[in-house]
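Chain naming follows the written order as A, B and C, and within any one chain the residues start at number 1.
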Amino acid sequence: MISAVLLLLLIAAVVIGPFIWRVSISDIDVVAGLQGPSLAHPFGTDDLGQDLLARMIYGGRISLAVGLAAMLVSVFVGTLIGALAGMSRGALGYGLMWLTDLFLSLPQLPLLLMLIYLFRDGLKAVFGPEGGIFILIVLVIGGLRWMPVARLVRAQFLSLREKEFVEAARALGASPVRQVVRHILPNALGPVIIAGTIDVAAAIIAESTLSFLGLGFPPDTPTWGRILYDAKDFLDIGPHWALFPGGAIFIAVVAINFIGDGLRDALDARKVI
Amino acid sequence: MFDNNLRGMIDDVKDGRMDRRAFVKRMIAVGLTAPMANQILAIGGVAMAQSPNPYKPTRRGGGGPLKLLWWQGPTLLNPHFATGTKDQDGSRIFYEPLASWDVDGHLNPILAAEIPSIQNGGLSADAKTVIWKLKPGVKWHDGKPMTADDLVFNWEYASDPATAAVSIETYSGLTVEKIDDLTIRITFKKPTPFWANAFVGAYGCIIPKHLFAEYKGGKSREAPNNLKPVGTGPYKFVEFKPGDLIRGEINPDYHMANRPSFDTIEMKGGGDAVSAARAVIQTGEYDFAWNIQVEDEVLLRLEKGGKGKALFAVGGDIEFIAINFTDPNTEVDGERSSIKTKHPILSDPKVRQALALLVDRDSVKKAIYGRAGRTTANYLNGPEEFVSKNTKWEFSIEKASALLEQAGWKPGSDGIREKDGKKLKLLYQTSINGPRQKTQAIVKQACQKAGIDVELKSVVASVFFSSDVANPDTYAHFYADIEMFQIPMTQPDPALHMRRYHSRNIATKENKWQGPNFPRWANKDYDAAVDAADTETDPIKRADLYIKGNDLMWQDNVTIPVMHRLAVEASSNTLRPALSGWANQTDNLQDWYRET
Amino acid sequence: MSQYILRRLMIAIPSLLGISLVLFVVLALAPGDPFSELATNPNVPPEVQAALRAKFGLDDPIYLRYLHWLAAMVHGDWGFSFVSRVDVDTLILQRLPTTLYVVGSSQLLALLIAIPVGVYAATRPYSLFDQLANTFAFIGFSLPTFFTGILFILVFSVKLDWLPFVYTSVPGSGIPWLLEMIRQAIMPVMVLGLFQAASMTRFVRSAMLDVIRLDYVTTARAKGLGQAKVIVKHVMRNAMIPVVTLIALQMPAVFGGAIVTEQIFRIPGIGSLLISSILANDTPVVMAVTFVFACLVVLFNLIADVLYGWLDPRISFR
């Protein structure tokens, strides 16, 4: 409950923030670089003298949206493939596990460079600038992070599908879809939720890498991951610079995790405690 | 008047009627600096002074270990295959050239007995031959003597296309012959005023014939000594792990007295520049770190109460924004940025001028480069006699706006200027590199204030600088409106640096974008000046021609110089490295020592 | 069972071939140039760069390059590095021991932290210990290793001056050598191990919680079995399935290295070889490393499947 409030607060801050805190995100003032928190700059400034509060608010929209959406993509794809592979007893299962192994083996950096090279101009034309880039980032991050989820879900399914309560359902004539949705999946969600929370943090960080490679938002767009990355070399000179993005990612992770826990408790058929 | 006097004086020095110190004094009197005066003499064919590097140790060895940190580790140790300065630096520990460039841009004899000059008969008046005399008694690390045969072999080895040597260009357009065991003659196909390229500096390192003779041409990759160098250098090879570590030990038979000072040498690779600076300046784990491309603010902070300091060496490296003279958005015969098109916005000189006014070089210096940069209006920033005094730069958003108004670009409803329904929008690309992204942000902000919408793009360096014909993101394709990077000056002569912008060198699809003139700028006066300078043997006239070339580039705003960059290294407080902005960091390694 | 393993191994060959083909195509299509460092050097005209490309076969059609690679691989020839101009297997073997040592130790550390902490936290959900463990876990995976690595360096090397932060091969032997090897590995192993432990702890705790609530555990308790025995014999074995999955996912990394951590501490491992080769477009090296990595991924997937059957005999394989 508290966590849902926390996440809502965070989202409200980045959505309403710009209307309250009307400082530009890109105003450069070299003289006022690396200042600690003050009245003029509540979160301080970075080395170019840009206001960190404004940048955190602006970046939070992108980071939260990318983190949540990419997590949903990876969890959805991973669960789907894992469930299919876990239920199948034939070629489909092998095929899907081969696909998972392939994606696990792919070196990500060359893959991303290839995607940029082959598809960037085409994607820009199809999706248009802003929205297109967002969809692209979410698909790329989600598309490269679903494999652990798939393996976890498959392992759970292999075990659960032989359990008595599933056999009972099968004997009662439940269709495979019903077996999965009503009986197996709710019991396999534990690791999925953990993987989901980890993915949010990972996606926020991964987004900053993508914009570095020219695949994401332009390099001057401040996002939480990007601000944290820029701050790393100034950790001993201006610790405030790293503190705020690091803290924000942490709060988002905690909030999402508790929501996930709550979700599972609500779905869990075997709730005992 | 001044020119004639000067020429007379150079002749006086040549013929021994005037002593070189007196010449330098007179030059200083008329406002030149000492290095510049020396340069004039050097190019004029006068023997150059000996190495000015102070060297205190009075015996060989005893200096303990020397620990170097290169954040990109050398990946190979054959100087003819070096793909980057890191490889040259690693090779240079074991291999040596005839001469290297010192801090003032003079030649410092290493394996040569003396530097060729007109006086000693080493240089011919027509600038077509050079005679080098080798130091007698120099031995390879395996005890075999080094002779003129080795030099002839290096020329044959590098100039053979099948060897796939990176140094092939250094050794083409000339022939090398043996006169006797310790003398060689280089003959150029055409007059070459800048004769000190082959066998000099980083690409001039000499490998032993007796170990590489069997591996010339197609078999070059199989040579076992590609990984186990046997050279003449101050340190002997112990161990090499590509990309990670080089270890060497003192060469007890080194050919220079009392050198080297250190007993062992270690060059560790990998990591990033900031932590390399920390390991030298803050914790003292290492003695020296290479190429510390770090915000000056960070360096200043590390230096406070630290164990080391940053060192700066002035060369001619220039960080600049280049302007595309052709249209990157129109495709002609399967090629964008085709020479058959004109840039719809930037072909107007007023817009280019406005852009130059919008690059706030002071802020870039203050926020990013600090001591490691000098603001400049010139593309050509050294050596001093080639530096134009006729140019200037300023930062003014008002003047830029006024120029854009004059050119017919009026602010639209969104604050972005437009003309004939076309928005003033530019794509600004560069390679991925912290300081470059910050510079982009500073330039973009000023442009926005003047009503120019700038879209930033950054490309991974290995893609941006690749020669991949199919990739549109390379600097040579230049499918953007403006782009920014650095071009280094690898030797104290502007010939190679300036030839780039000759109109015959324009990058096109036809030459697979291999033409180095990527702004696709064509100017007849410039072409004439550079062509004339290539064979001009009179040093003063030659310098004037290059200054003219620089001024033409400035007038036309072909490039907007952002920063004249200095080489930055980190050194422990006790280490006395011999560094030069005109050479690689290890080029004078034999002169390094530790103050006790 | 052995028949099953044999069949899986037979399937592995075509599937690895397929993976190698996809890997090769991705690497060949990824843009870049092993000789890009030469680009701005005025001493090296672009023709030289282009001639080098042609000489190393980079301009040949992809299918031809793949067939060359495959033919060589069958003969045990791993290829030839463009950048270092040496054989790829030499490069990899030079770096393998360091990676096995550092990344292996950190995986071990992660397990040693995650399993006891996760199990203990699950037996006392929402206790103070559980809350603390969770908070640290959240911090652990919220902060990327590029950040914690620098933080560790600042604290343990710069401020306290306890540990070196440049990992280098120490000459010598004996006890002092051993101590130095341990000393310089402490920080990278901690950074990597704690990052892994953070997520692993969460998985272990969740897996334990899933099982602890089941009826048969309650039954076991009701039978009067001791708490420790119940946990170890009944709960852990059943909770191990997700944990085994995760470990199987992580094991190939012991070979593949950890790119970011290796960069920060200058560890000459496979990860730093991989990233510098990728950035330099040294395709033969990247191909060799990723292909070995792929083999390990497939192998450990198989091992995990076998272990599932052992942990839960009801899982049947046909």
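As a convention for this text, a contact is a pair of C-beta atoms (placed from the backbone, for glycine too) under 8 Å apart; a residue touches a chain by one contact, two chains touch by 3 or more.
This one's a predicted model, so the numbers in the text were calculated from it and none came from an experiment.
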**Message:** Going by the touch criterion at the top, tell me which pair is linked by more C-beta contacts: B-C or A-B.
**Reply:** B-C
**Item:** Chain at maximum distance from chain B, centres defined as averaged CA atoms
**Value:** A
**Asked** Between chain A and chain C, what is the separation of their C-alpha centroids in Å?
**Response** 21
**Asked** Per the centroid of Cα atoms for each chain, what is the distance between chain B and chain C, given in Å?
**Response** 40
**Prompt:** Between chain A and chain B, what is the gap in Å from one C-alpha centre to the other?
**Reply:** 44
**Asked** Hey, what residues on chain B touch two or more of the other chains?
**Response** 460, 463, 471, 473
**Sequence positions of chain A contacting 2 or more other chains** = 113, 117, 233, 236
**Message:** Residues touching two or more other chains, restricted to chain C: which are they?
**Reply:** 31-32, 150, 158, 279
**Prompt:** Contact residues on chain B for chain A in the complex?
**Reply:** 274, 294-295, 297-298, 301, 363, 366-367, 432, 434, 437-438, 440-442, 444-445, 455-460, 463, 471, 473
**Request:** Over in the complex, which chain A residues touch chain C? Could you list them?
**Result:** 89, 94, 97-98, 100-102, 104-107, 109-111, 113-114, 116-118, 147-148, 151-152, 155-156, 158-159, 162-163, 187, 190-191, 193-194, 197-198, 201-202, 205, 228-229, 232-233, 235-236, 242, 246, 249-250, 253-254, 257, 270-273
**Prompt:** Which residues of chain A touch chain B in their complex?
**Reply:** 26-28, 30, 33-34, 47-48, 113, 117, 212-214, 218-220, 230, 233-234, 236-237
**Complete:** In the complex, the residues of chain C that touch chain B are 31-53, 55, 80-81, 83-86, 91, 94-95, 150, 153, 157-158, 161, 164-166, 168-169, 171, 262-268, 272-273, 276, 279-281
**Message:** Looking at the complex, which residues from chain B come into contact with chain C?
**Reply:** 69, 72-73, 75-76, 78, 81, 83-84, 161, 164, 166-170, 197, 203, 221, 226-227, 241-245, 247, 266, 268-272, 275, 278-279, 282-283, 285-286, 460-471, 473, 475-476, 485-491, 496-497, 499-500, 512-516
